[in-house]
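There are two complexes below, and they share chain A, which is joined by chain B in the first and by chain C in the second.
Showing the complex of A and B:
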């Protein structure tokens, strides 16, 4: 019974944990401008994160080595350092974006400007990572993030035209007034929002901290194969509601309050409250994950002792990196950069950083020295290679598309 | 065993499962027949900086070098006799308490992390 409960909890946490500020912004923006013509990208992204999260969970459970250990072992110190620099910058920028998301959610509830909330949120985040029992926090925020289900309910209340939505989904491409450049720009942002590197850093490091062994493989697979797709469903609901409400009016979404609006339209004040609570929990949960991931990557590259379960004084370098990352993340926001724009940038930069993270996972998942007879089967390898190609193409195309479309402005 | 593939850049774990560092470099010696063999593992930013080389390498090694100060005795050296199993990690047969602590860890604990309330508590 206890085991069933822990599996269920893991799934629920994965659902809530999948959605972060990147998913919220990218799905709502794409829905408003392109309808659900990007639905297939979301599907491709969710399958991709499932394939690679399963691989990294398996490698970690069997060998006890987290993902960034593998990056260093397989790419060598120089290339791994380049990857570390890229991943660390993207993770800290994402942390900034999540802090901004928390601030905006609180601003919508209190009408106090988010810039005043950012330092408060940063301090609360640091205290949480310093002292609180992490598994409890993870479960609380994962479960609270489930209130985003309100967007699924809202979609059915809005009475959308299924024929028209099907038309958009079945004919991928830009609608009138948009061009292929912006279409692909948003496709890459959506893809990157599903596969953000911090997700595998966090997932595998958490597995090391909880001392997973080969016996936990089943739990890992259930979490990944049930939790992430259901999380993707929440992201899809954001795209659907935005496509239903904003796309027919040719409106674009550029603030968090607009993302919440479909829930308010369909379900009134309660719907709005649930949406805000969901935004708050999803972004705060992701802020915790990115803050820790920043510390994980650096500590694992250099071989320092790291982890939430150690006393901070026994992992002084790790905790210093976490502390500095939170300060830098908050400082980025206090330059008054628009958090939504910051999110768009982090998605494009993370698309560029993806290949160097996922290639070593695929290589090690085939190494019998690490995995014995639990190496990749044919399906995992076929999918892994196919996705690596997609990831490479997205990484190469991200920057040129960003420049030619001026961040998707068209 | 391939040095670059099976040993370099792997995580070193002490006999209690605590992380010690990476195999940032190795020290080669010669046995009685004059054949080269590994005599020690080198770990820490100084060994890493030297291996990477150039300005970047000096930059990585810099803080460790400054913190080591006058009592400089080179990068942390782990005699090959202390190495147990070599697998996905390098397992030592000694505890890390018997090895010198990395200077950066000591400095950050004494000057920053250790001074914050709650640093000694498990969460």
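Showing the complex of A and C:
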């Protein structure tokens, strides 16, 4: 019974923890501009994160060590440094975007400007990461993030035209007034939002924090193959509601208040409250994950003591990196850059850095020295290589598309 | 390749890139660039009008909280201010561009008034009236964008 409860809790937190500010922004923007013509991208992205998260979970459960630790050992410090640099920079930018998302969510609930909330949120985040237990943080925010289900309910209340939505999904491409460059720009942003690098580092290091062993492989796979796709459904609901409300009005979405509107239109104040709570939990949970991931990657590269299992005094350098990352993330926002714009930039830089994260994971997952007979099978390798090709194409195309479409402005 | 040569190649590429960027950015505007900027301004103003309209409707139907409505109106106002700033920062390079400016300018001016009125409105009738007016304006902006988009630069 305890085992079933633990697995169920794992699935629920995986669902609630899947969505972050990148998913919220990318899905709502794509839904407003293109209807659900990008639905296939979300599907491709979710399958991709499942493939690589399964690999990282397996590597950690079998070897007892996090992926980043093995990457350095297996591929050497130079390759691992490239991986560290790309992933760390993107993770700190993502942390800034998440902090901004929390600030915006609180602003929508209080009408106090988000910039005033940013330092408060940063301090609360640091205290939470310093004091609270790993499992408590993961479960509280993962479960609270489930309130984003309100967008699924809202979609059914909004009375969308299923025929029109099917038409958009079945005929991918830009609608009238949009061009292919912008369509692909948003496709890459959506793809990157599903495969953000910190997700695999957090998943793998979290497995060490929870002391997973080879016996937990089944739990890991259930979390990944059930929890992540259901989390992807929440992201899809954001795209659907945005496509239902904003696309017919030919308008684009560039603020969090707009993203919440479909919930209010469909379900009133209660729906709005659930949406705001969901935004808060999703972004704060992701801020916690990115903050920890920043510490994990640096500490694992340099071989420092790390993790929430140890007292802060025993992992002082790890906690220092976490603290500095939070300060840098907050400082980025205090330049007054719009958090939504920061998220858009983060997604594109993330797309560029994706190969640096995923190639080493594929290499390590094929190493019998670490995994014995639990190395990748044919299917995992075929999918892994196929995704690596897609990731490479996205990485190469991201910057040129960003410039030619002026960040998707068209 | 020796380290010195590598650095020289990287520096040359960086200088070329920077020069290209400088040339591109300092090129005097033509009708095409102005047309594109005006369409962006119109789209920004259109989005602001639609956002404010939806927020007004939600407020009139008592389906939102005062804090959320204030934030939504604020977002619409910021979007409109951004569009206006972009509009004011571009001088029309020729007569054709000036005609374009003269068509969009009054719409933007009207939106400022409507948005201000709807943000101040505190009874349901005024909110509904404001939402209808913003809806009409959004349609006009949409027609402008569609018409000019089809005409091209």
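FYI, the second predicted complex is superposed on the first by the 408 of 410 C-alpha atoms of A that agree within 3 Å, B and C clash if a C-alpha of one lies under 4 Å from a C-alpha of the other, contacts with A are read in each partner's own complex, and residues count from 1 in each chain.
Please note the rule applied: a residue touches a chain if its C-beta (ideal position, glycine included) is under 8 Å from a C-beta of that chain, and two chains touch if they have at least 3 such contacts.
Here the structure is a predicted model, which means the values were calculated and not measured.
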Touched partner set for A:135, first chain B, second chain C, both or neither: neither
If touched residues of chain A are counted for chain B and for chain C, the larger one: B
Partner chain in contact with A:303 - chain B first, chain C second, else both or neither: first
Which superposed partner A:311 touches (first chain B, second chain C, both, neither): first
Partner chain in contact with A:78 - chain B first, chain C second, else both or neither: first
Chain B versus chain C as contact partner of A:341, first or second or both or neither: neither
Contacts of A:366 with chain B and chain C, given as first, second, both or neither: neither
Chain B-touching residues of chain A, taken from the complex the two chains share: 63-65, 69, 72-73, 76-78, 80-81, 130-134, 302-306, 308-313, 316-317, 319-320, 323, 369-370
Residues of chain A that touch chain C when the two form their complex: 107-111, 177, 245-246, 249-252, 254-255, 257-258, 260-261, 264-265, 268-269, 272-273, 276, 409
Of chain B, residues touching chain A in the complex: 4, 6, 8-12, 18-22, 24, 43, 45, 48, 51-52, 56, 87-89, 102, 104-105, 108-109, 112-114, 116, 118-123
Chain A contact footprint on chain C (complex, rising order): 40, 43, 46-47, 50-51, 54-55, 58, 61-68, 70-72, 75, 79, 138, 142, 145-146, 149
